[in-house]
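One chain, chain A, appears in both complexes that follow, with chain B as partner in the first and chain C in the second.
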Partner chain A sequence: MAKDMTEQDLTSDPKDKNLKQVAYYPGCALEGTGHAYNRSTKAVGKALGLELVEVKDWNCCGAMEVKNIDPQVQTYLSARNLTKTEEMGFDVVMAPCNGCYHNLKKAEYDLAHNPQAVEANERISAKAGHPAYQPGRVETIHALDWLKRAVGEKELARRTAGKLKGMKIANYYGCMYTRPRHIFPDKDQGAGSESTHAPHFMDDLLASAGAENVDFPLKTACCGGAHAMSDADTSTQLVLNILTTAEACGAEVIATECPTCHTSLEIHQLRAEKLLGRKTNVKILYFTQLLGMALGLSQRKVGVAENMADPRVYLKERGLR
Partner chain B sequence: METPFPDILTRIDAGLERRVALPAPDELLAMGEQILEAWLAARGETPEAGDVDGFRLLALHRQGCKDMPSFNACRETCREIVFRRNVALAYGKEAQTAHRLEAMVVKHLALFVGGKLEQTGLGEFCCASRPLHAAGAA
Partner chain C sequence: MPIHEKTLIRPENLVSHDELVIDGVDVSGHWSTFIKPRTITDYNEEMQAEIAALPGGENIHRCWQCGSCTNSCTMNAVNPEFNPRYWIYLIRQGLEEELLRDKDIIWQCVSCNKCTYACPRDVVPEAVMKATAHWLELKGHTGESLSSVFDRGFTDNVVHSGKIEEGHVLRIFFWRTGQPLAPPWLRDLILGLVKKLPVFYLYNLLKTAVLRPKTRGWGKTGAAIEDYVRERHAEQAAALGLSGKGGH
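On to the complex of A and B.
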């Protein structure tokens, strides 16, 4: 928390007031294919009286590309963002993209446990002319943590008044939100904490807005997102299996919380229909788009028109305009 | 190298499309084991005979993760296969749905592991590509 609370800030009675105002690390995807996630995340925050302050001069987290070639350079790249966060006076940074969230958490872990990572981070930071990040100074959280901890289900239920009632949702978390377990020390801590083997924060938040979560067995399965270019056909088969399984579970909507997964699901839903003649009707929406509409925001404000597989008619039928 | 993936996928698809009966829950579980055995064989390892939590599938998964943490991306997939198999065998009304879901999850495992193997080596993609990049860099 960087500033004093205003009177308006306090109206939503947050569970964790430190999260009323946090640093925001959008990452590259949210400026590109994940723009609707960026837009809806900010809109939901604003509607709930939360403030996101974008990290100044942020850089790529190293994603998969750098990590595969030199993991220590990736650690440095992520650590630099934590340094930038700290320089702005924040001790919490929120990263809504699973890849970014994972990498920032991994940098935190590596710098606390791996002397080689520490040495590389100090060396490159010195060369770049800024202080090296020291572990323990900044907590990285996901958008799910942010809304769960800063607002909570009770307040969301009050604010949304069951607007998602009757909507059957398969919550899809993807493979990077919970793995590897050791870089997420806050998870698996008993009641109230997130689970690495059966994540439920998205389920909890959407249920508080009235949604009916279906029992979905592929909520953390691979979508093939990272090899969409090198092996698109396998990605299409993986996604088609996720979509058909969600439909078999009775889902009308797959809720996502990662721009890579979301884009992968949308692209390959279209590709499966075009190349394989396999049409699926399940709609794919960011959980922030769903929560935003449940809070009374318009489809436009949460970027629904930016989704590739157009869900607008379905949403209108559900009374979400 | 001959793999079990095409046969497994053909049989599951035929069952899901209701052209033939789905393989029985335990047969689907055995298919999951065959998939992981193929992964281990490609790595030059002998699949273990033991079990974890009473299931060989879970032991094979644990073995497959050694020196390859990214293989944990299918950990929950394996546990879901076991769970759906158990539900399919234990309950009447829910059995049919659980059985179909078990088949869909086995299919996902086949696609995920098959995709890794199809790209030769241990997967020129995604989180499993580091060894190949490292070899190239050297």
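On to the complex of A and C.
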């Protein structure tokens, strides 16, 4: 038994051939403030021989806002993107933004479980003149799932040759990637699957590139992103807590996988410094920027100049140009 | 359930006398503090049904007051007065006056979903908080919260174009809330960023701001969504006895 398990472990580095070419749903943030995430995700995909085909005529998933006007409209908006994915002949769509990923997953769940959502989706789809999305047709995955399943740690370790060696990283996943658990049926499924209470996919990927992940208790804490503007003082307080905790854990970098979290951390890091005089030095980088540089891409190629807490000097010192 | 008794020991409900003797017993001073008796007659018996009629409030009746929501709550850690478990209790009891004491903070729920993750009864407390905040607005107990103004501006942009342009959403938000077009800290931040960004990136930013992204083939979709929202908001207004006033 023990022997079998070892053998399985050695060969279980997952490489999902179906993911070599997937539909890509960037979402609004990646065309705006999250531009560096868009750029670095595409660059990493290219470097690893993975093809991303942008969903044709995609629309906003509803983000954190539309559900507060009407939750079923948000379900419809997300489902429309799944219809568009299906129309292109794809059965997997990759969304790097936590908000998009969460909403597409939630639409999938609601359309399979909530009659009111089904009714609204059918009604609005009919009026808009396209077929209503039927659950089960398209699988939504996150950029973390994508790299983990299509490439895997072994291949990444080989390709990166430990370029992030010695870099102390706090991996920050935020809220939307793991909560609430019922919309993520693929998580918490034992060995190899992602955990909703202690997510580790980003840790795994960065560790395979040589990074030293610090023990960070606020992986899934909230940055207040939903109210980054409407309740800025609360957001600053929440973000400051995350930044100071990361520093206390010995992190030099906070790795992010969501444009809302990333921007919220950046904005409120500066706001805390300007308004509260609380300066923190931890750098905030998308995990795709870190992986891209580990794969030998330049700072420019992964859009580091767009990061607010300028990490260029720090990265140079680490040998990442 | 003894939970609401905390309201009895608020300062205004406590009485102590410097010198008081009752039936020969000295009850002066702090050690003989009295709690004022209270009789509740103003239950709002419609409150739970009304909040349950708003999107997200549907499962409020399932709550058995375990407190997992408050225990896991991001906002409760920032402000102990932010107490979803207690508010759900008040709504289910119909203790409107008591709920209104917290009317100006309920909208601050950041939708982190920790409560929904922790809830053993599938109440979806996060959605109940949103329904409660909407109920307060619809009933006129509060004005439109900053969060609602933001949500409305955002949704208008999506319905119109299929996509949002972040700069536009922000400008609308600042304009509608009467704030300067960008608060000083945000202006400093933007200027700092502009100084170091590559020219092509600035060009792209400017282009998006002028050309405003739009989903191709959006066509009738926006109108279809508007129709749906109008119908739903009319239903909700009717459920709250607000017919004729329209949606929020």
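What we mean here is this: the second predicted complex is superposed on the first by the 307 of 321 C-alpha atoms of A that agree within 3 Å, B and C clash if a C-alpha of one lies under 4 Å from a C-alpha of the other, contacts with A are read in each partner's own complex, and residues count from 1 in each chain.
Here, a contact is a pair of C-beta atoms (placed from the backbone, for glycine too) under 8 Å apart; a residue touches a chain by one contact, two chains touch by 3 or more.
Treat the numbers as computed from the prediction; the structure is a model and nothing was measured.
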* Give one word, clash or fit, describing how chain B and chain C relate on chain A after superposing. => clash
* Is A:P180 touching the first partner chain B, the second partner chain C, both, or neither of them? -> both
* To do: Report for A:T245: first if it touches chain B alone, second if chain C alone, otherwise both or neither.
  => first
* Asked: Residues of chain A touched: more by chain B or chain C?
  -> C
* After lining up the shared chain so the two structures overlap, which partner does A:N18 touch, if you call chain B first and chain C second: first, second, both or neither? -> neither
* Asked: What is the contact status of A:Q237 with respect to chain B (first) and chain C (second): first, second, both, or neither?
  -> both
* Asked: Given the touch rule stated above, what does A:S193 touch, chain B (first), chain C (second), both, or neither?
  -> neither
* Go through the superposed model and pick first if A:M64 touches only chain B, second if only chain C, both, or neither. => both
* Does chain B (first) or chain C (second) touch A:A128, or do both, or does neither? -> second
* Asked: Which partner does A:G224 reach: the first (chain B), the second (chain C), both, or neither?
  -> both
* **Candidates 77-85, 149-157 or 185-193 of chain C: the single one with C-alpha clashes against chain B** => 77-85
* **Intersection of the chain A residues that touch chain B with those that touch chain C** => 64, 67-69, 71, 175, 179-180, 221-222, 224, 226-227, 230-231, 234, 237-238
* In their complex, what parts of chain C are in touch with chain A? -> 55-56, 74-75, 78, 108, 110-114, 116-117, 124, 127, 130, 134, 145-152, 154-155, 158, 162-167, 170, 173, 183, 185-186, 188-189, 192-193, 196-198, 201, 204, 208, 213, 215-221, 223-225, 227-229, 232-233
* chain A residues within the chain B interface of the complex -> 64, 67-69, 71, 175, 179-180, 197-198, 217-222, 224, 226-227, 230-231, 234, 237-238, 241-242, 244-245, 248-249
* **For the chain A and chain C complex, residues of the former touching the latter** => 28-29, 31-33, 35, 57-60, 62-73, 76-77, 80, 120, 123-124, 127-129, 175-176, 178-181, 196, 221-222, 224-227, 229-232, 234, 237-238, 267, 270-271, 274-275, 305-306, 308, 310
* For the complex, which residues does chain B have touching chain A? -> 69, 72-77, 79-80, 83-84, 97, 100-101, 104-105, 107-108, 111-112, 114-115, 118-119, 124-127, 129-130, 133, 137
